[in-house]
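Before I ask anything, here is the structure I am working with.
Labels run A, B, C, D, E and F following the written order; every chain starts at residue 1.
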Amino acid sequence: MDDIKKIARELFTSGKVNAVLGYVSINGQRTKPFLATKPEETDNFIINKYILNNLTVYLTKKEILKYGKIGIFAKGCDVKAIVALLQESQIKREEVYIVGINCNGVCADFDMEFSGETIALKCLNCEVRTPKLYDELIGTTEEMPKADDGKLKMIRKIEALSSAEKWDIFEEQFDKCIKCYACRQACPLCYCERCISDKSVPRWIESSASKRGNFSWNIIRAFHLAGRCIGCNECERACPMEIPLSLLNRKMAMVAQEEFKYVSGLDPNTPTLIGSYDLKDDEDFIE
Amino acid sequence: MENKTFEPKIIAFVCNWCTYTGADLAGTSRMKYEPNVRLIKLPCTGRIDPVMILKAFEKGADGVLVSGCHPGDCHYNAGNFHARRRWIMFHKLLDFVGIDENRLHFSWVSASEGKKFVDVINGFVNKVKAKGPFEKYEKINKEFVING
Amino acid sequence: MKIGVFICHCGENIGRTVDCVRVAKACSFFPNVVHSVEYKYMCSDPGQNMIKQAIKDLKLDGVVVGSCSPHMHEKTFRKAVSDAGVNPFLCEIANLREHVSWVHDDKEVATDKAIDLMRFAVEKVKRNAPLKTIQVPVTKRTLVIGGGIAGIQAALDVANAGYEVVLVEKEPSIGGHMSQLSETFPTLDCSQCILTPRMVEVYQHPKIKLMTYSEVEKVEGFIGNFKVTIRKKARFVDDTLCSGCGDCAIKCPIKKKALSEFDEKLAFRSAIYVPFPQAVPNIPVIDKEVCTYFKNGKCSMCVKVCGRNAIKFDQQDEFISEDIGAIIVATGYKLYTIDKKPEASEIKGYGEYGYGKYKDVVDGLQFERIASASGPTSGEFQRPSDGKTPKKIVFIQCVGSRDESKGFSYCSKICCMYTAKHAMLYKHKVHDGEAYVFYMDIRAGGKMYEEFVRRAIEEDGVKYIRGRVSRIYEEDGKYIVKGEDTLAGVPIQIDADMVVLATAMVAQTDAPKLAQTIGMPYDNYGFYSEVHPKLRPVESSTGGVFLAGACNSPRDIPDSVAMASAAAAKALVLFGSDMLEREPTIAFVNENLCAGCFYCKKVCAYNAIEVKQIKDKNGNVIKEVAFVNSGLCQGCGTCNATCPSKAIELIGYTDEQIYAEIAALM
Amino acid sequence: MQIGYYPGCSLSGTAKEYGKSVRAIFKQLDVELADVTDWSCCGATSGHVTSHKLAMALSARNLALAEKQGLKEIFAPCAACFGRLAVTKQELKNSPALKEEIEGIIEDKLNNTIEIINIIQLFQKIGKEKIAEKKVLDLKNLKAACYYGCLLVRPFNILHFDDAEQPTSFEELVKSTGAEVVEWNYKLECCGAAHSLPRKDIVVDLSKKILDDAMKHGANVLVVACPMCHSNLDMRQKNIIKANPGQKEIPVLYLSELIGLCLGLDNKQLGINLHTIDFNIRLKKNVEEEVAK
Amino acid sequence: MDEKIITKENLKAMCSELLKNNVDVISPLENGYLKLKSGDELTLDSKAKHTKASFKEYVFPKTEPIIFYKKSQSDVELLDVKMEDKQTVIFGAKPCDVRSIGILRKVFNWDYKDEFFNVRTNNTITIGMMCQFCDDFCFCTSVGLSPVSSEGSDIFLIPLDENNFALRVITPKGEEFIKPFGKYLMDGIKGKSEAAEKNVKFPEKVFDSEKVKEWITNNFENEYWNTIGKMCLGCAQCAFVCPVCHCFDIVDEDYNYTEGRRMKNWDGCQFDMFTLHASGHNPRDIQSKRYRQRISHKFKYYPDKFNEILCTGCGRCSRGCPVSMDIKEIVTGIGELANKV
Amino acid sequence: MSHQTTNHTRTMTDDIKDITSQNPDICYQCGKCSAGCPVRNYMDEAPNLIVRYIQLGLYDKAVNSSTIWLCAGCLTCTTRCPKNFELAAFMDALREIALKKGIKIKEKAILKFHKAFLKQIKNHGRSYELGLIRDYKLTTGDLMADVDAAPDMLLKGKIGIFPHNIKGKESIKRIFEKTEVK
């Protein structure tokens, strides 16, 4: 672990960055995000199986941006968010120094023992264990525990249901929503200056946590992330009501792949899914 | 009352240059069609935001029709191509959360296709009639009914 | 807001099936409606006066007319409203005729629908903003892109009408493919003889600014007001000094390293060269790729022999900006390439014909060069491989055309004619030679075309065989051509000395790139699309951009010339007035809300979205936001729908207006 | 490396030597061939010419068996079997309805995910380096005409293997044995295939043209990768010579045999002794030269 | 009334009876405070971890209509909301949750009496239960509570063993409530409940709230706020799961183009629009200022006004924070800074 | 769309569409298939004409031709067709239809060969050469066929003396029954 501290410290001493986003440990294995603004603040930096957060979310926050060039420790999945932010002009490549982490999976939650049972679902079938974009790379990839992708199964199961059954499932789930917007705030790609849910003229999405407002919010949130969501699953982790948001995000990602062979967050130079088109896009559903 | 057949309320989002004009043509040709659809004219299908579709359901529509220029015919070059891509994503999303595919209909109707416009309207109205009222959405809407 | 509602009976047209009295009554209960009346003919003078009077009497600031389609009388009513002192854009039309009375029978139901449509319109008008139409001046200069026969014709027509023309050609000389041709069908005129005088006319025309070896780099602006950036590629020869004597090319030691583009790679050219002797302008260019000076700095023979010191090795590309009002695109075509299998392309290529590995299997343009008196063989028919006179030539039509599998579905239109011409020219020179044409259908629709083909068959003895060739392979110096005569139902095998493939006319490789630069549509094949195939065949749907020649679809010379003149006429129509009027339906950005994701920019087909930097007091960039160039914006609203936070909105169709319409459903 | 193996009927019968040599060389190249358990005939030509569904079902059964066995890829050395399996896979992929029907017929479910590869693709997987590493003998005196036949590259839209009209992968592979390859015109022409028995006349005509073109372009050996082609070109060569006095002989080797020779296996191990047209003389000459060096 | 003993079975039977009488019974289950469908669902596990959200929603809903309206041509008609007259029993809540009603009551009755809150809480009986759960995030003792505190409960339960609970009646309201259920009660055994209370592990007291308040008063511009606050994502899940956070927003929603309702919705001070003025100015323009507000409100402003800390030490906000910000750690940090001064 | 459903009687074109999933009307009769067909010279009708017959509804002419039986399935036509028409699959379909219709087959020997081959598979699950040759000879009566090659092959062990019966041969039999191939 000394390595991490050394790497983080050197980012300062070499003058590459003005601040570094990394993970520090608390209460044993638990970690939390931390912005070091001085070399000595990197002393508690850590990399373990519990670096759950996607630190990329901070890259668009005004309070972080004011530091200028930021160094960031990023797993492959986190880097996908950086790629998406680059595609969407939110950050400039030269303003971010990426320390890519070769990742062998993280744990689903802090208070669990890491194993095939508890590995985070996003890590299953991960194609970016080595980040696609970085300035330097640390760690090595090793064999990763296997687990059952329950979410995918659930999606397939839902797909096979009737419309009424699907509706009932999602009505129950969305009804739990309390409109705290933790999903939005935790999402590295929800960087809008003013979320459409906060707009009142006109009020496309009602702010009440009523069934109706909740339905619109969750649908539109998923749609605004369609073709953009990079699958870090921070929304679902942040949700205090345990709404399975990733079902929608995953489903949209699957559609993107099936329809357009598009996988988000792989290449900053690829045109975004929404925002581009192909003359041969599917038309079968249009009369 | 019971004998009255269900008359669905349908909102159609159409582009000014093709489908709206196609509907005009149906009119000048005195073709008859089902009266359930209310057209909202937009410059281009590219202007149609999925939130509008959702809002239409929220406001009590039993079906939503979306229609514009055929691919390649867009008055604004590519508006309908961008729209088509959004629809692909959006209609799959709605289907996934349980909004019946039969309640949301997409079509291309050009300015010269008065007949097609009539067919699309009649076909869709009948489809929605067969489905009946959108009870699921009505149910979550009911919270609104004044209890005072 | 005080809204007046006016319901028109349209004689009996609306009144017959819509109870106009009931509609007017219902409207009078709508919030903000203070006046609601019906009348027999709203568009008549008395009808319009009713509106004007009500505006004055009741101080209305919004008007809704229930009448025929807005496509009919929107302008009429807006003008009436405007005359009464209310902004014309505060007038909305509900379509009670085309969308209600003419299409429904049941009066009850029709009346209900009419009331609904009125409510939509009333709710919308409440949220309308007063707007002003946009007036823009017209720059009366034309840019012609492409210096082939179509571009030449268009440039001359516009220039002769007295307006300035900038003619841009990417090759060193104008003339295009027509200058490569031997003779032209069906008259067998010498192609160069009829073309060269026109090339010279262009060169000498006082109103034409000719820019060869140049390409359009950027097109900004909009109809009447384009700003075009042209890249003038470095020729390494100062065109103001060069006298066109040609000494440099004669002395250039590089003779066998570069294949002549003009001669379709059948001959060599020097490193410093003029594409062909009649080139306009007669100024050479240096091919950097083969020139020894550029390779190792050792040779400078051309510098030594140039009496006018015109050779400039340090010349750089120049960027020239031009103000333009109309653009005529005449970029022409290229031929389907047979010389290799296209990589990573859906087009599979003709492996069965050898992917061009056989030297004596040539394409149509190559054969033109062989047949041309100015060509590498001075018009003698000789095989490229050994220079022998071919005694048996097989012509294969529809190579790449009408072939979904290996090329394109469309018919290239000109191949039937030029193949007949080729066979005819060959038979005229090689009397004992045999010419076979494999065809599928003969398409000779044109003045004297059918007669021409028949002449080839009947008088010149060209053998036409109906069937596609399956395979060509080389055997003992002969080309075995395996075909089937589908009329006789017998297999045919010919051992030919030479094979000519009538390869498809296809869009230029960079056609989509130019289309994107200009912002105009193109079809799946890369040909530029016209607005309407019948009624507006020479206009692109982008305002002020016109099309001429084969860039639009395969066409022959007479068609291209006709189209060029038509495009020129369209440009001149535009120059007929000094100002253009545009609808104020354009997008605008709320900079506070814009997060700068630039999805709007990605979806804008008109390049109307620009990046604007927001700076603080000290001049530091705080953020970058979208900015709408109101001159370019055409008002489609695709940006609006794409913006996740609705920071960009379309005036006239704002979210608030559309929301109000949706909400008016119940 | 382990790979699923579908030998097909011929490889234990008329193309025994192909089967023998395939097993021998891949063992040498450290490839373990896992036979599809209880595989049946793919139906071959007779299957698809008589019943579309029968042809689909027979191949589908084999695919289902392989799936159950947990195989991800199947190697089918016979070009015809390769084609049938690949076509079946694609057609069932294109039509879920057909897939459902065929599943009913074979009374089994199919995920339809198995990749089917031919012998050249398998060599490509193994890599030239591996062959070079194990190479014992340089076959430089051989002038080989590589005969693809019909079904190695066709139907192109399904197999997507090599170029449909001007393929080169076969030659590339043969070159790695040290043999020279000749450029010729008949490498994709049909030999008459299943007409061997009922219309021997056709096969004799067509095969003669192939042999002639190969020899005319300087080949002293023909290399094939299909049992049907081999039987028509090797076994039928006697008939051809009989019908055309003065016709010269040319030996016909399986690709696996050629590679086998290069890997140092002998005639018997490879089953070359089972051919109608003798190959021994040429091999001997080769070996002697190598030894002399 | 003396302390009684009641078995788990009888508690369940009591619940069933209540349900039969159309009373809403709310109890912490695995997935949160939920309305019971039958008495058997009752778990009453004092060792259970805190539910993700508190039971706040049942007295102060996440969204509720406060008025309905109907627009006509030139007028607006207003219609009051009819409150349902229904009794609610909150069964087996933790002391740190039960305490919340009392804290909230102060703010909902300070300058204006919030009828909706009052009707609901007056119709609510709270049955608290001793807490035997304690993790790194718990700090009730630091805000003046404890796992055995019955403050705010009408009735308090102390688990004696698997099946038996001591039952203490705390308020007259509780006394009134328990009357019909006498048949389920047995007499208590002296000392048993006290012994159980003694066995409970108390969280360590980690700060002195008075000193914290004092430090906050004097350190509005301290760098500390910036250091901790900038990592906050502003998601406000903390406020939404908090038993005592009570900010709300009022919005109008339309049903159709003439009818609609006015809603009272939960809000959170961590949202960037929370203090956005109509002018566009925002006094709390950055996240660390908003975070400072959250802590200051809880440990200074509210105590200043109502002499009550706006925190029950339940630790929910920290457990759920997506970026693992720990209020206990942060306020302890303030305590340490205060000590240094 | 009720006006479109007229009383349409099924034609052979429909059968072909069902089996091959392609429409014979896309063929524009360029003849490239016939031009490249290796067995073209032995056929009574050019392959492109067979498609033409189907287009014209002259079904008898198509199914009675020798062409459909002589097609060797080499796929040259399919590979080169400019319309991506899969002629080889089309020929397969015609053979299947001809068999179902019980048409008198011109190339009897070829059919007999196929039948003999399939019989082995039906009975054993795999091809059994000796059985194949035996059955083929019995049905054709051409007892001397291939006397020149067979002994040599037998000698070299290239013709199995005994059939190899697979375990699942019952399931193979059922496949044959379900697909109605006798």
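What we mean here is this: a residue touches a chain if its C-beta (ideal position, glycine included) is under 8 Å from a C-beta of that chain, and two chains touch if they have at least 3 such contacts.
Just so it is clear, the model here is predicted, and its values are computed rather than measured.
Asks: Common contacts of subunit A and subunit D?
Replies: A chain counts here if it touches both subunit A and subunit D, which gives C.
Asks: Chain by chain, through touching neighbours only, how many steps does the shortest route from subunit E to subunit F take?
Replies: Shortest path length, in steps: 2.
Asks: If you tally the C-beta contacts, which comes out ahead, C-E or C-D?
Replies: Between the two chain pairs, C-E has more contacting C-beta pairs.
Asks: From the C-alpha centres, identify the chain that is farthest from subunit D.
Replies: E
Asks: Measuring between mean CA coordinates, which chain is farthest from subunit A?
Replies: With centres defined by C-alpha atoms, farthest from subunit A sits F.
Asks: Please tell me the distance, in whole Å, between the geometric centres of subunit D and subunit F computed from their C-alpha atoms.
Replies: Here the centre of subunit F sits 22 Å away from the centre of subunit D.
Asks: Measuring from the mean C-alpha position of subunit B to the mean C-alpha position of subunit F, what distance in angstrom results?
Replies: Here the centre of subunit F sits 51 Å away from the centre of subunit B.
Asks: If you average the CA atoms of subunit A and of subunit B, how far apart do the two points sit, in angstrom?
Replies: Inter-chain centre distance comes to 34 Å.
Asks: Where in subunit E do residues touch two or more of the other chains?
Replies: 253, 256
Asks: In subunit F, what residues contact two or more other chains?
Replies: Expected reply: 76, 84.
Asks: What are the residues of subunit D that contact at least two other chains?
Replies: 156, 164-165 - these are the residues of subunit D that touch more than one other chain.
Asks: For the complex, which residues does subunit F have touching subunit C?
Replies: So the residues of subunit F in touch with subunit C come to 28-37, 40-41, 45-46, 48-49, 76, 80-84.
Asks: Write out the stretch or stretches of subunit E touching subunit C in their complex.
Replies: Going by the criterion above, the answer is residues 71-74, 254, 256-258, 280.
Asks: Where on subunit C does subunit F make contact in their complex?
Replies: So the residues of subunit C in touch with subunit F come to 352, 398, 402-407, 440, 466-471, 482-486, 489, 491-492.
Asks: Once bound in the complex, which stretches of subunit C touch subunit B?
Replies: Against subunit B, subunit C makes touches at 69-71, 95, 97-100, 102-106, 109-110, 112-113, 116-117, 120, 519-521, 523, 529, 541-542, 585, 603, 605-606, 634-638, 640-642, 650, 652-653, 655, 658-659, 661-663, 665-666.
Asks: Which residues of subunit A touch subunit B in their complex?
Replies: Touch residues, subunit A against subunit B: 158-159, 163-171, 196, 204-205, 210-212, 215-216, 219-220, 222-223, 226-227, 248, 251-252, 255-256, 259-260, 273-279, 281-283, 285-287.
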